[in-house]
């Protein structure tokens, strides 16, 4: 089950560990460039089995690139590393990526087989609040509905590693909370390793064991979240974490009013993050 | 300049008002059904020129449907109403909707002509932090970058009515704040009427003059935001508005921890919002 | 009763610009060609002969040469009004008439000793035993209705005393190298092949047992024909008369200058080897341009009768196909020129 | 950019709201200039052919069209009736249809399989694609002698020739269609662990379906056209044979009947594929909607 | 689903990190089974034709292929050299190329314009589409008499015939291509207030370009093929004429030279269009990448 993303070279045989004991993800010195621009610059990342890691980062900082590399979809990544990928790995893409020519239910059960598949798919759709839409075409769904179908698809296969790229981005607050609950229950039941990309710092703190910030092509900041669930955003530890992370993202006083670089003064732009 | 969305019938001539004095948007009894499901159910909406309106609503509640109707893209909408559309109306679609075969700059300046167009486009791209990416293809951009290109495209034409469907959804906190600033500056300069769909209640309060909640196919709640800018999220009036709006969205105690319907107990699902 | 030939009544209207005054078909042929008269002529071999003999610029009218010959192409071009004179064998004028075109033969050429200088031979597939026409019984014979080779097959069967049902007629178009290939592939037992294809077939498949036998019939007619509407134009009629003269001289020139003809036409123009050219000249013998068309008309009538019977067509009178005013034109031309 | 005129008044409908959507017929006054072609016009596709028929009738009636070149429509009708009554047309059509369908069925199957083999595998592509391009570039008339050599002059040769003709557009369109499937869907298929066959079934075939169906539009018409060539060889029946015979005998009216039959067969086959297209591709939202 | 074997070891690279991306050549050991065809193999497209050539050579050398039916490759080479030396092949090719290019240019232009007129306008569609479908369904051999009638037997007729042949695939593919442009882009065009012409230039043409180029692949090959038909009529030069002449004289080697020329012309034209395809459609990310 140990396999590699992109052009990863494998560590010496001696370093390798039995599949179950080792980390779910362990990549080192990942490098990925597009033309001249280096997006991942000797990035190291390890995720333990069952660990829930949230990944923050500026727009264009390379989060999706990293996820694609871990999912083994990028053929031009270099580095050394070992990705212990359990049989079941699920990816939620940033675009919902539903096959437009398959109905919603078939999109959810894509790649599954055996009896009861349709039933499981139906159940999963009900969990994301889309009971009754099984036979719709993807383009008949609203943006948030499509996102939920993609979520249902990734959860129905009870993954052991979940790579999710902003899976809640187009959801309203209540639906988002429901989906958090869904994800949490899945984590409790199957203990998958999770790498969740999000832009919502509160969401990251509420869900993750560890929050990473991707800056300049590397994991720049790592914050362990030790608050016991249910984590209350009004908890001062929560607030402290929040403002720490926001500071790393360039915002000094938490909240929407940026006290960071004045937005009128041209400052270090997001695109400069990854030179 | 007065024109109609879909199958809107025009109010009697006597009711019509001179273009400049009347509301930018005034639709009444909008009805839109997909098959059996009524998504917009006799919805009334009026927006004054220069007014900034934020639209909240559950996923699948019909926000995008409403925007499409106002943009005159939906041919199956019924109702009476008058859409006073200024010459310049911009739509930011929920998907960024960049023409894949046009380079980023050409996407931004699409539909513009005359000298200086390229320069304006370049400037606009720089404003959204994408200077230097003018010649990239859309599919070479990250999700958030694509969203910013779409934003740049809608702002560069200095619209008098801006219909924006979650334009900041995939942006990190800092970039989002920058984009808020950009939008605010545009509003100050050109005073367009704005209808902004968002899932972020704080964003809605921070930016809008009025916040609407779409429920059951109608504008169910209307909240005027009277706090003077800059609006501080820690302001108690801000917090009060936030919790009122969240309550309308089904969340009783503000914050991420839902005290609403227990997420394990099957409850009124989002899709039931628009029977 | 679907045959179309009974619609003979329609008058040719799209002949190339008949003048205001129509020339009756029994009127004296005008001799002087008015200035500016143009003929479109599909007679590539004569064109080449005139070129080689240096006569081509002396034609007393303007000529547009078309590389068109043979039945289907000339009739198609006639219908389209794109051609004034076509060069064909015996069958096309018959078929043209059956399709409602009004045509007349204005020149006729035959071969001296035609039985020993046939255009076609019967190709026999390797391994098939046909020594004489009598052996054709029960054989698969390639047959192209409407083409000269098709008519030949019917005439051969008649001569052999066989009915169509005594053999298997396999319908194949006789274009290109279809017949030699069909023989070589043993798809048919017998097929009429002509010209250089005979030589080619024997040299390629002779060692496998492919043979040819003579059919013993006259297949030598070569005609120039035109539409009645064209003949009714006095200017064109005069030009055609002039062309027939040049045509006749060209045939004689070809006969007298075999080497020039081989080099200039077969080798340079048609891309054959010199040996092929020599073979063709040898097997085609010498031209015979008779002043009297009566025997030819009689033979044509037999052919018509046979075709009409076998292919279910109305009878025609052969004499109606020939414009006998032209019969002496060619012979006079050679007489004046020859000595 | 957009028009700056103020709206022209339309009748006020006091409360059109309870009327079910489909029954309201007030034409919408719309802001955005419609750029697409709009909704299909009912029987719109009949206009062109009918116009053509009209021109033809007018030309024949006024004598502008020489009946020896192109028979008049009414002549064609009576000739058709004659041909139907004496059984020639139906019999020939039946024989031809059998050949065409057989060739079509085999050609579609083989073409699709080759397209899959070549589209999903670089080795397959290296082996298959070039020869098919060569086959396509070589005039079928020139290929015929070889086909006759290998398959004789019987039915086999005829069906093989039709098959080869059908195979080319099916192959090229399907290959092109599947090659242009968005790579995002391929990535998705990889991440959900689709096997080869499931990948073909769930992603490749439906993704290449629009291309395949376009190829089919060429294939169905091509199958009929191939008859003209193959039925010149050792055929005593078939619509191509009927026409060839009529051509050599110059029976213009029968030729034109043949042409009309071809036109109708072509329009009908093409229309059938378009119908399938519309049904099978409901998931698409395109310019045409 | 995916394989459950543990990874096989590859050589350890202590620090491959500073190596510029392009130079690392270690084959990646990958998790997701690759479902697409992978990257293009260099000169892969030459394999099929070369294999064919190999078979042909082998068949000819061993005597399995009768040289009387299909000349040996070396015979073809020497014949080609002869034909080139005596100037016949270049001269004929030049004449044919001129006809083909002229017909191609006009056909592409007219086909594209018709496709736009018919694709963007229901009235245009009603008028144009049916007749083109009919044209396509009618055997060109049967159409030829009419074309001769209208355009004579000269160059005009030849170019028109080629044009008509080219027009059909260009029209159908472009029409289909633009009709299947995603409606979301049409909506976008409407909201940014694109005028008709800008819409055509920015959305329709680039959106239909993949379809157009596929049509072009058929058109370029079709133009060469049409020569076979038109150069049988009143032609004294051209590659089609050369082959027809060789056929009547049974010059197998020249016929085969013609076939090879056709094959090469077809492969080259098709390859050229594919190259344009690759260059012009860089914005796509497809299965083939």
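Which chain is which? They are A, B, C, D and E, in the order written, and residues in each are numbered from 1.
Keep in mind that, in the parts below, contacts are C-beta pairs under 8 Å (C-beta built on N, C-alpha and C of every residue); 3 or more make two chains touch, one makes a residue touch a chain.
Here is each chain with its UniProt name: A, B = Sulfonate transport system ATP-binding protein; D, E = Sulfonate transport system permease protein.
As the structure is a prediction and not an experimental result, all values here were calculated from the model.
Looking at the partners of chain A and chain E together, the chains they share are B, D. No other pair of chains shares as many C-beta contacts as D-E.
When chain centres are defined as mean Cα coordinates, C lies farthest from chain A. Separating the centre of chain B from that of chain C, both taken as means of CA atoms, is a distance of 83 Å.
Remark: chain C and chain D have CA centroids separated by 42 Å (rounded to whole angstrom). Note: centroid distance chain B to chain E, computed from Cα atoms, is 47 Å.
Taken residue by residue, chain E touches two or more other chains at 1-2, 32, 69, 145, 149, 184, 189-194, 203, 207, 255, 284-285, whereas all remaining positions touch fewer. The multi-chain contact residues of chain C, meaning those touching 2 or more other chains, are 79-80, 176-177, 181.
Residues of chain B in contact with two or more other chains: 71-73, 89, 95, 111. For chain E in complex with chain D, the residues that touch the partner chain are 1-2, 32-41, 44-49, 51-52, 69-70, 119-123, 125-131, 133-134, 136-139, 141-142, 145-146, 149, 169, 172-173, 176, 178-184, 186, 189-196, 199, 203-204, 207, 210, 214, 217-218, 221, 224-225, 228, 243, 255, 258-259, 262-263, 265-267, 269-270, 284-289.
Across the interface of their complex, chain B is touched by residues 184-185, 187-194, 198, 202-203, 206-207, 209, 281-285 of chain E.
Only residues 34, 56-60, 63-64, 94-95, 129-133, 140-145, 147-148, 165-166, 169-178, 180-182, 185, 199, 201-203, 206, 230-234, 246, 249-251, 255-258, 260, 263-264, 269-271 of chain B touch chain A when the two sit together in their complex.
Across the interface of their complex, chain C is touched by residues 68-69, 88, 144-145, 148-149, 152-153, 232-236, 242, 244-252, 254-255 of chain E.
Interface residues of chain C, counted against chain E in their complex, comprise 42, 44, 66-68, 73, 76-77, 79-83, 175-177, 180-181, 184, 195-197, 200-201, 204-205, 270-272, 276.
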